[in-house]
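Note that the chains are named A, B, C and D in the order they appear, and that numbering of residues resets to 1 at the start of each chain.
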Amino acid sequence: MSLNFGRDLLAIPGPSIIPDRVLAAMHKPSPNIYGGPLIDLTISLYPDLKTVARTSGEVAIYISNGHGVWEAALRNTVNPEEKVLVLATGFFAERWGGVGKSFGIDVEIIDFGARRDAAPQQLEDRLRQDKAGQIKAVLVVQADTASSVKNDIPALREAIDRAGHDAMFMVDCIASLACDQFEMDKWGADVMVAGCQKGLMTPAGLAFVFFNDKAKEARKHTNPGMYWDWVSRTEPEVYYQRFCGTAPTHHLFGLREALDILVHEEGVEAAWQRHERLAAAVWAALDRWSSAGNLEPNIAAPSNRTVAVTTVNTKKGDAGRIRDWCEHQAGLTLGIALGFPLEEANDHFRIGHMGHLNPPMLLGALGTIDAALKALGIDHGEGAVEAASSVVAGHKSV
Amino acid sequence: MSLNFGRDLLAIPGPSIIPDRVLAAMHKPSPNIYGGPLIDLTISLYPDLKTVARTSGEVAIYISNGHGVWEAALRNTVNPEEKVLVLATGFFAERWGGVGKSFGIDVEIIDFGARRDAAPQQLEDRLRQDKAGQIKAVLVVQADTASSVKNDIPALREAIDRAGHDAMFMVDCIASLACDQFEMDKWGADVMVAGCQKGLMTPAGLAFVFFNDKAKEARKHTNPGMYWDWVSRTEPEVYYQRFCGTAPTHHLFGLREALDILVHEEGVEAAWQRHERLAAAVWAALDRWSSAGNLEPNIAAPSNRTVAVTTVNTKKGDAGRIRDWCEHQAGLTLGIALGFPLEEANDHFRIGHMGHLNPPMLLGALGTIDAALKALGIDHGEGAVEAASSVVAGHKSV
Amino acid sequence: MSLNFGRDLLAIPGPSIIPDRVLAAMHKPSPNIYGGPLIDLTISLYPDLKTVARTSGEVAIYISNGHGVWEAALRNTVNPEEKVLVLATGFFAERWGGVGKSFGIDVEIIDFGARRDAAPQQLEDRLRQDKAGQIKAVLVVQADTASSVKNDIPALREAIDRAGHDAMFMVDCIASLACDQFEMDKWGADVMVAGCQKGLMTPAGLAFVFFNDKAKEARKHTNPGMYWDWVSRTEPEVYYQRFCGTAPTHHLFGLREALDILVHEEGVEAAWQRHERLAAAVWAALDRWSSAGNLEPNIAAPSNRTVAVTTVNTKKGDAGRIRDWCEHQAGLTLGIALGFPLEEANDHFRIGHMGHLNPPMLLGALGTIDAALKALGIDHGEGAVEAASSVVAGHKSV
Amino acid sequence: MSLNFGRDLLAIPGPSIIPDRVLAAMHKPSPNIYGGPLIDLTISLYPDLKTVARTSGEVAIYISNGHGVWEAALRNTVNPEEKVLVLATGFFAERWGGVGKSFGIDVEIIDFGARRDAAPQQLEDRLRQDKAGQIKAVLVVQADTASSVKNDIPALREAIDRAGHDAMFMVDCIASLACDQFEMDKWGADVMVAGCQKGLMTPAGLAFVFFNDKAKEARKHTNPGMYWDWVSRTEPEVYYQRFCGTAPTHHLFGLREALDILVHEEGVEAAWQRHERLAAAVWAALDRWSSAGNLEPNIAAPSNRTVAVTTVNTKKGDAGRIRDWCEHQAGLTLGIALGFPLEEANDHFRIGHMGHLNPPMLLGALGTIDAALKALGIDHGEGAVEAASSVVAGHKSV
């Protein structure tokens, strides 16, 4: 007997749940792209995006996904054969490096594994060795969607500064923007990349590169080709240059609505705090479940975890069984293992808790996982969901 | 700080949550109403509605709400000045009687209060007294949305039969159809009324009268007027008579999709079982919460509760505070007190658990109520949500 | 080869084309019906509806179609066995009378046929004969959707006044409201009925009774039954009385948006003028087509035609062929013959030109009919579409 | 007085009108991107896209617009410093060349102006001169959206063959695919690029590169970088490689629906024929209008015109006035001048007639332009719209 006859709940770490209002905003006829309201709508997006990123720099909007802006960020700032240093903490920074390698960049990786954050000291040490200044950029993800680690961006910035190194600091906030606190200018990121389909609550298809004056300077020495070139996108003579061709009309409609919600109704800081509270609720539940020894958070210290997604490690095969039960018996879709060895595919699951999320959604996901553990006979500590509801209620997490 | 930035969850006892597919089916241009696909679509609804009601009788579809079909059912079967007997168990049967009174029917009420179901023996006793056969119909609701009582329809039918009385047996399934088991033919209901906006998962605006041969016979002696007349609606010479005028085009689109889900994908019996399981989960949580003495189910015996809604009684004012916290802090809307003295408005709340509902939605509602109790400092027993998740998992309810 | 692969164009006289914005407004989750924004939204509808009807009287909103409010209007004002006088000018006034007959009203009909408007003098004569004041109400449609005649409401009012008769004057504006000029108070209508699915641009399912003090007085002597009673709907103690039960949530969303467009963006008078211009364009085309003798307008004098729909008479069978060609070859749906003898079913077609309509839509319909005439070899005068475009351009109609 | 209160009609040459069904298909929650139905849906698109392009080759789907696939096509096949030959016939081929220049390709242009198609003989002559085989590719658009010229793709292919040259033949069908007949394999195109927002009836945001074995061979000698690399997109080891990262979920939903309409309901050849007929109707109207000397088609010979868009030249400033009148008085949006000198901005307009288009839409556009000419007092020949309706009817165009 399946109980799966209600509204499916998607709790994967992106694409996240799209607000009904955003979908409705996209359910519109094609507009004129050479005049009329679309122009003003488009222009209104830039300041709001910068508000989200906490920057007074520039932002280029690309019709692409995260991989696209990984390439855009590198093509605008680093030349083939130049070196970048990747701080790998799971899956995605290394892939970013792979994109660079694909067009000839010399990619050096410091691998911190999939269960800890990047160590500032190791970064500092490596940069100090680079007397010749060959390292043009340091690449890191704020939140690795696979491992659910959160890197300490200010600390890494300080490490670069302590080393007195001139490398650009490039941060991937694809999974974390509008979820984890991020302060582009204050924290000294020179380039930041993001996508629309996670904390920005818009169907996948737009991505962003934010950049500051230092990055602009670097751009003078590169040739990104026309599509990735951020200059024409941010200093256009005519409208269509903003998108290097036809504008992504319906995504612009959607993003406008999403930014209305995020920036003008909730507020970015309030959104961070909401994510913090809801993530703490997940972790409180996980602590209880884990007490019986069959589950554990992939990242031990809560301070090293992103508030956008939580990776859970299980006994052999349990994660696969939990995901299946939740999806087919209850209508809850959890995230698969990513970035782990293939033979561990069913030993990890991820709970996405990013974007358009409130207590009924979050506690519904946790309650369903609790039901799955019970249905599958996976021994677990008691009181998990109530530990979560206690955090939601505003009580200190345990 | 509000956590209310996700998808609102409506847990009132109707209108219930409309499946996305139903809303999408209604997002269509106006169709031709004199030819084309609308005709076939309309005709396809009748057998499916009968499948839901478990009847081989007739069903008339009205553009109206439940009050409309209350009036339709009476206008087609009972004349002004004739008597009907109302079995009142909360709020709605008495109101049905009120509709009859409004056009001159002699309404006699047996009031069972708001915390118990109608007693078959009392019905039998009353009917036995009616030697003259003045009582033309017995009116009862299967599930009273206000009190959340469920009346025992087969037992009441047997009471009528034991009394050897000829009254029609008229049942209101507005809140219960497709939630609580109901067998129109097997259980001997002569007339049954229902609406589209609860178990049938369609926006409010359509309602139904099901009737059998005995009711048809009664119709020969009444004059309902054209709009309520079920004859032309069920034996039309031309299409528009089915709706006594312009068809409710978009509601027909929506209802078609909803019946596809209910009848052709899940199946009516499976839907009953799902509701039973999910209601049991609610009750398991409520039992735990209640153990501290501050909350209690309005209907003591689970066998007397509808599986569509649960009315909860609280200490003075607590229900109002719980509703407010859930709505404004978390995005969960609970049902208000209905059918209780005005001064008790904040001492009862209702959890709707009807229609388009799965474990993440239900456990999300219960988890949020649990958070409200904690946030508001209302003492409650522990383990409520997990008692619910245990039932969801298929374990025996406690 | 079919060219029918674009957006279908519906040019029937109701349901009319629903604006995308109205459909979008209805694509929403179910709201709370006991509190929250729905209450304010509902209350905001009444003044706007009165603005459309040009009245300071009352308006009751019914979940029903036009037939429902026909019955409501009569049930609230006339008792069974009392007499009403129907001025029949096609199809719909007589049907309204039929609704009255169905519950015992004594209906007298003056039949003006299907090709002319009601003659004020005949009305005056008849009322003068009624020395005893037996006629309680005079019923007329402003625009008969079948014949496309427009009755002269002010002239009929004057006829009643000249006769010095006390009958209520009840006008059906179902097809004409917000299309043809109508001034309820100034023109002295006591009761007016309308639906949402024509000039009000909302999917079928709501209908309205407007009434003044004289009608209110009549209500004191009737018993409409609860559902049709306009008292509780217009003087409610609690919200749900406005709809005698569950509110039609999604239709209210839709109507709100439609009234925003009609009342707050275009303006009612501008809408009348737009309809006048577009109707004149239809008639200019029809004049040209007709010059070859194979088509003719059903109503000879333009001043007697409604601006909402035009009935066209053809040679035997041509109308059916034109409708078929337009629908299957081109994606244009025209209205069928209504109110004519069955054997003439294919000898009349109707062009709906009501509500959400602009030049591309109207000229697209006319151009397609022109193509049909050519494809089918039906001889017709030249220059029809350009005669229409000339009117659209603001030139005098021919 | 504005008549602009109906459904706006967009008649620009892309983005074109999106079918309601496509918009509805995109109005869906985010799906899982690592499993479930999205995978199968995605895979189903490839054969249908190839059916549209008439090829048994490969197709890579990009989250991008037309400029993106211009770059993708060149990056996969031509190296910086290598030469391509651009046949410029208006605006877009030259821009494609500009994209190549942006990353260092040596672009040679033969400019045929904006009013004629590319001459095969000139191409042949130039290729014969290239004894060294320095020209790696010949770039041409099938239909130039600015000038509305259609190039003769088979004749150009024959010119290459006659010259015995080995250059790849790369065709831009962005504006013409599914409108003008195009036979990738039969006509010998090696690479073809297209977008989703014109004949494919999907909101802007996806674009396509089709390629054959010869192009695959060229790819072995290039390094496009990861995002543009068509290898991983067409020979993926895991699903996400198809899109080099996160899939464009909602656009895939939309494209699936659009291809259902185009490939499985209408059929590609029928779509071509529909476009031919409707374009002929436009031209018949334009011939008549032009007879007074104030308007003219930009491309003289109908055989050299694309069936997707028609560029119209007017007297000084008239085009601007026509566009304004149509948009503000009537709700019809026409295309602006593109590719002409800036001072001619108001001397050309374009009528888009591509994609989701039927007679009421097309004749509505033409009728409205006719009204504009009359309203603005621009002298024009008579009988234009009827010349169009005659073509729609199936009569020979004049």
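Before moving on, here are some points about what is shown:
As a working rule, a contact is a pair of C-beta atoms (placed from the backbone, for glycine too) under 8 Å apart; a residue touches a chain by one contact, two chains touch by 3 or more.
Only a predicted model underlies this, so the values are computations on that prediction, with no experimental measurement involved.
Set side by side, the interfaces A-C and A-B show unequal numbers of C-beta pairs in contact, with more at A-B. With every chain reduced to the mean of its CA atoms, the largest distance from chain D is reached by B. Chain centres here are Cα averages; for chain A and chain D they lie 36 Å apart. If you average the Cα atoms of chain A and of chain C, the two centres end up 55 Å apart. The distance from the centre of chain A to the centre of chain B, each centre being the mean of the chain's C-alpha atoms, comes to 45 Å. Multi-chain contact residues of chain A, defined as those touching 2 or more other chains: 8, 17, 20, 24, 27-29.
Chain B makes touch with chain D in their complex at residues 20, 24, 27-29.
Of all residues in chain A, those touching chain D in their complex are 8, 10, 12, 14-18, 23-24, 26-36, 63-68, 71, 75, 98-99, 102-104, 195, 197, 203-205, 223, 225-227, 229, 243-251, 333, 335-336, 338. Residues 1-9, 17, 19-20, 27, 261, 265-266, 270-271, 273-274, 277-278, 329-332, 356-368, 370-375, 382-386, 388-390, 392-395 of chain C are the ones touching chain D in the complex.
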